[in-house]
Amino acid sequence: MPESTEPNRPDTSAESTAQTTPEATAEPTAAAAADDATTRPAVTPTTDATAPLADPADEVTEINPDVDITPDDIGVPEVAEGERLLEVDDVTLRFGGVVALNEVSFHINKGEILGLIGPNGAGKTTCFNVMTGVYQPTSGGIRYLGKPLGKRKKFQITKLGIARTFQNIRLFANMTALENVLVGVDAHHSTGIGAAMFRLPKHRREEAQGYARAMELLTFMGLDGKADELARNLPYGDQRRLEIARALATSPQLLCLDEPAAGFNPAEKAKLMELIRTIRDQGYTVLLIEHDMKLVMGVTDRIVVLEFGRKIAEGSPAEIRDNPAVIAAYLGVDEEDAS
Amino acid sequence: MRSTLKFAVPLAVAALALGACGTKGGDTPAAGGSGGAAACQNFKIGMFGALTGPNANLGIYIQNGVNLALDDYNKKHADCKVTLENYDSQGDPTQAPALAKKAIDDKKVVGIVGPAFSGESKAADPAFNEAGLVTITPSATATKLSSNGWKTFFRALGNDDTQGPAAAKYIKDTVKSTKTFVIDDASEYGKGLADTVRKDLGSQVVGNDTIQQKQTDFSASVTKVTSSGADALFFGGYSPEAAPLIKQLRDGGWKGTFVVADGVKDQSFIDNAKDAAEGTIITCPCVPADVAPDFQKAYKAKYNEDPNTYSGEGYDAATILLDGIAAGKDRKTMLDFVKSYDKKGVTKQLKFDDKGESADIKVFAYKVEGGKIVGSGEIK
Amino acid sequence: MQNLIDNFFSYTITGLTIGAVYALVALGYTLVYGVLRLINFAHSEVFMYGTFGALWVVMLLGGKPGGSVGQVIFWVVMMFVAAMAMSGLIAVILERVAYRPLRKRNAPPLIALISAIGASFVLAELMGLRSRVAGWVGLDDTLREYVRNSRNNAGLPSIISPQPIFSVGGYNVTNVDLIVIIGAIAIMVVLDQFVKRSRLGRGIRAVAMDPEAAALMGVNRDRVIQVTFLVGGVMAGAAAVFYMLKIGITRYDAGFILGVKAFTAAVLGGIGNLRGALLGGFILGLAENYGSAVVGSQWKDVVAFVLLVLILLVRPTGLLGESLGKARA
Amino acid sequence: MSTSTGTAASTKQRRLGFKERVNNLPRAVKILLWVVFAVFLFMLPLLNIPFITTEGSDFGGVLFTVATYVLVALGLNIVVGYAGLLDLGYVGFYAIGAYTVGVLSAEHAKLSWVVVVPIAIVVAMVSGVVLGAPTLRVRGDYLAIVTLGFGEIVRLTLVNSEWLGASRGISDIPKPPGVELFEVPSIDWSSGAPVVDLDTTSTFLKFGITDFVPYYWLALGVIALVLLFDILVKSSRVGRAWEATREDEDAAELMGVPTFRFKLLAFALGAAIGGLSGALFATKAGFINPQSFELLLSILFIAAVVVGGAGNRWGVIVGAIVVAYFPERFREFADFRVLVFGLALMLLAIFRPQGLLPPRRTVRAKRADARQAVLEEGEASA
């Protein structure tokens, strides 16, 4: 029967039974006994007892840093710790007459947290977009794992191990939290129509693996209790975290976070710093675009500063703090009304 | 066989039916042989065609004729009236088969006037044929309908093959056109006619075009016609397109003779094309209304307008079936009755050949004069 | 092909006249799309009601052929008044009944399409059943001339007979051709200025650009939307007059195909872009005529749609792009 | 239709309760219920249940039409509901399926039905790919007009191409090979109570000219297969990829979903199912002409999907039933059928904006929204 091969999804039973479907008549056998609307998933070590349909506006969700979320092997060459993972090589990008990026060069080392900062309009997100294949550079290029990215499509770049989040949250609003993460895991799956139709072993294996990894990530983020909530019904902070979980699900070599702290209060920002560090510790390389200097200074290993599409500085947080060009850039532009 | 039958009776019904559940069988209604007025059979005739929807005009004209025939009959047979059962196909072949089945299942229906269009005829007639239910179409003119071997098929008017040559002849001999342009509307009827005309006129055809039904802007066709220098235009199609076509042609300064066929023989053509319709030649395998003044008078009295396209054919087709009922025929015996029918109707001598075609087809020419369609003699 | 070359001006000018009608109807699609981001599927019926408005007013005033110049001008002006009023009214009612309730309920965009389809059916059928409708209120005898044969064509009395004014490349340009092409361009210039300069026009642009910001700036969105529908309707009314002058015959389902074409024109030019609608309409009218000349009138619509696909492949947002919000208007 | 408006909320709640109860039943009972339901569907045209049975047209024929709409709606749901592509030219694929059957089994060749139907599916699918490959890069509403144009191009090609029979269409399409296993009697209600009528029977499975019930059975079987396929594919990576694409194409692409490929897949599958329904239609009708494939049909197909609730396969089935069945059931409205249908669509849009049976997620989201509203209210008053 269709769903028996699918991993047990707690909390969906009430919903899936809301419509008498054929698959609903054949409940998963393995966990059928334990399956009722209130059981927690087996993988949940959390003590958070929030029922999935409880007040979504509850306090900041705690993460579970001990859950193992190390990236899966996605079949790309290993890069040793500290070696260059990605190089931005003299990238220039023009839109008509406007130069969005002007001969920008920097690199990211495996295992580090690199901050990319600059006043609004400095070209940070544009830089992200070039790295993830949204834009093709006018000249120059991106070298990743020692090879040029070339004209690869967005999804191909993701498959190579670069994942990102968005400045303004772009979750799949009408899908559940779990499904959002599953889409990320699916990036390295190849189940096609045939495998799905005949429930071939490949499909079963990938579904089981995907579900396990997705639940790990949700648990890590403290979102396991909300796995079956629609993404759009999650509180703001949880949506931010879910977006990171979704990006992590693609097992990226490089995780690009685009202003993940936007809209956070100081307490939440502190938690986010901790989260970013934990993610790095679990074996990811992180590129962070951020506005909040305190956060960037506190969490990054190195910082690259952009202004008007040009790199104006690069170095450790301490060096950047004292760099006169950076100070000028930040003093010269009032952050609040820069646009 | 019986045991499998019982086996197949569904549980749900058995439960529903409870004690009332019995079996029914053997009492075939109207077993035949009843001699006319002895017992009223409450027979019905069916009207199969577009009565609603975008193609309803034609169906309603026919239905008007049929109703007139019914009135005549019921006046004479007040003790045993025949009723009309409408099968409104909206002219849509998709709906036709299920409607045909409905008519077939209603054992009181002894004959069908229709199906009105060729498309729905093709969809429904195989079923009528299998069930042995007589159909007399007052309007479907596709030539091939009669060559399918449907023994229940009868046609109360000429098919496209009788009219096309006549139209060509008229264009050649009477209009004396030397340069003729031919346009069709890509419909089965219009294209069939136009192709015959093209073939018969041969090299004097100076240009061709095909338009689409529901098209309203004919500027490209107008340019083609005017630039071809044609002195006559044959249009194979229906009045909804003929009216704007001739209007735009006249607006575009074309002065030639506009020749059309029975699909345009319709007061609405003149009402809509107004002055542009003047002088239009309409060929029709139908006898001019002034040949049957009584019918025309009765129609006008009942509907407050002159008989329209195929009203007369509808009247004739219904009359044949009603005569059959009067003669005590039922569904089974109606077939032979219609086959051997030979009487004068309002449109022609009603007599069918082996294939179910009207045996005696004369094509007449009509002309639009002073906002009226007037006869201008048979095309021989 | 030879035929097209020989009669190039004839195809061009007649193509422009029908293109003008497409363009004016396309404006309605484009305006509504710009403001609401949805295809106003029922706009074709708004146009169709306009044709009847134009027709009925001429019947009412007893228009007949051979009137003096003054009479003809009077009739044409009355046609504009009646058709624009009729179409504008229908468009406003449409917005009120079919769209506003949905907006209030935050319905998904697809459901607006369903509502529009429903409204389109209702409007067309009411016209197609007008004899019955008149019967309900007991007016079928009084209005007999207006509602007779309601499923059939209704023809406009030929109040204005086309007279050649001058000749271009062998084609006699008639007074009707001139009225249509010049009239359409004039109306579009007025609209362009209205959207660009008037307060309401700015409101339309503001809502098109960013509905929320517009609301914050004190633009009454409901009112702007209503005005947008009204303007679109009035344009369709003008198109209806040109259509009646050119084609002379209408029917309860006359809107459907024309609506599809006009929508195609809007997309061709870049939906949401007023000048795009104009350009799209003319290009479509020309392409159809040239296509008919070369491959036969039966492929006219195919030519139109193939052209659309080709243009979208090269320019995915239409010839001029989407830009109601931008100052280009 | 009006019943679903006023009391919708209350019946909804009751139904959920009922469904929960049903689901708590032992598995065997559930299977039995399904079997009974299947038998009921199978027998429906022969039960002649008063009120449900169409008076104006043959119920078997109407049910077949309803079944083809259901099939079409399921196919279109993949395109519109799952992948979020507005396809207004779906009738094109339906026509391609029907004409492939017509051309290969009657007009130009005499291939057997068993061979022709798979070919029809493949041809429709290929045409889906051919149409989709260049146009699926075009976004949203542009796609709507392009597909609409495609539907018209297909129809005009049929009308104007002599090789495809032009307006005269294709006649004498052969029936599928059948076996005559047993007869199924119908129920007669003319005496007021149900009586088994042994005279009016349908033979399983004899594909004749005047009995449409076997075609209905065939269509039911096909629907069951397509449903199973739908369920299996939807609950897999493929289904998630479609939904992600629908929700946010760029984000999906950046999460590693080759969106174009999946859109094309949805389009091709939708086309294949459309072609299959067309093939079934041609089989049963025996005669096809371009008149059966007008643009309006595309609109009705879309209406079926959206009315039922795009994205929910059970919803679109209900939608298809509404769109195909009600005009036949209420034939007595005759001239007012389309008017009433239009009014119904408008009312439905206003009172059930998510469709009759919205996707289960929407239901859940609504409940969550409601709960949040209650909470906020509580806060405000506190």
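As written, the chain order gives the labels A, B, C and D, with residue 1 at the start of each chain.
Rule of thumb we're sticking to: contacts are C-beta pairs under 8 Å (C-beta built on N, C-alpha and C of every residue); 3 or more make two chains touch, one makes a residue touch a chain.
Since this is a predicted model, take the numbers as computed values, not measurements.
At the far end from chain D, in terms of centres built from Cα atoms, lies A. By number of C-beta pairs in contact, B-D leads when B-D and B-C are compared.
Centre-to-centre spacing of chain B and chain C amounts to 37 Å, using the average Cα coordinate of each chain.
Averaged Cα coordinates give chain A a centre that lies 49 Å from the centre of chain C. If you average the CA atoms of chain A and of chain B, the two centres end up 70 Å from each other. Of all residues in chain D, those that touch two or more other chains are 156, 159-160, 335, 338. Residues of chain B in contact with two or more other chains: 53, 56, 186, 210, 212. Here the chains touching each other pair up as A-D, B-C, B-D, C-D. By the touch rule above, chain B contacts chain D in their complex via residues 1, 4-5, 7-13, 16-17, 20-26, 28, 51-53, 56, 88, 91-95, 97-102, 104-105, 118-119, 122-123, 126-127, 130-131, 142, 144, 148, 186-188, 191-192, 210, 212.
The touching residues of chain C, when paired with chain B in their complex, are 3, 6-7, 10-11, 14-15, 17-18, 65, 128, 149, 151-155, 157-158, 161-162, 164, 172, 174, 176, 246-249, 251, 253-254, 257-258, 288-289, 292-293, 296-298, 300-301. Those residues of chain A that touch chain D in the complex are listed here as 2-3, 6, 13-26, 53, 55-57, 132, 134, 153-155, 158-159, 163-164, 166, 170-176, 179, 182-184, 186-189, 191-193, 195-199, 203, 206-207, 210, 229-230, 232-233, 246-247, 250.
Looking at the complex, you find that chain D touches chain B at residues 36, 39-40, 43, 47, 56-58, 60-62, 64-65, 156, 159-160, 166-169, 171, 182-185, 187-188, 193-201, 208-212, 281, 284-289, 291-292, 331, 334-335, 337-338.
Residues 33, 39, 97-98, 101-102, 105-108, 110-115, 117-122, 124-126, 129, 132, 256, 260, 263-264, 267, 271, 298-299, 301-302, 304-306, 308-309, 312-313, 316-318 of chain C touch chain D in their complex.
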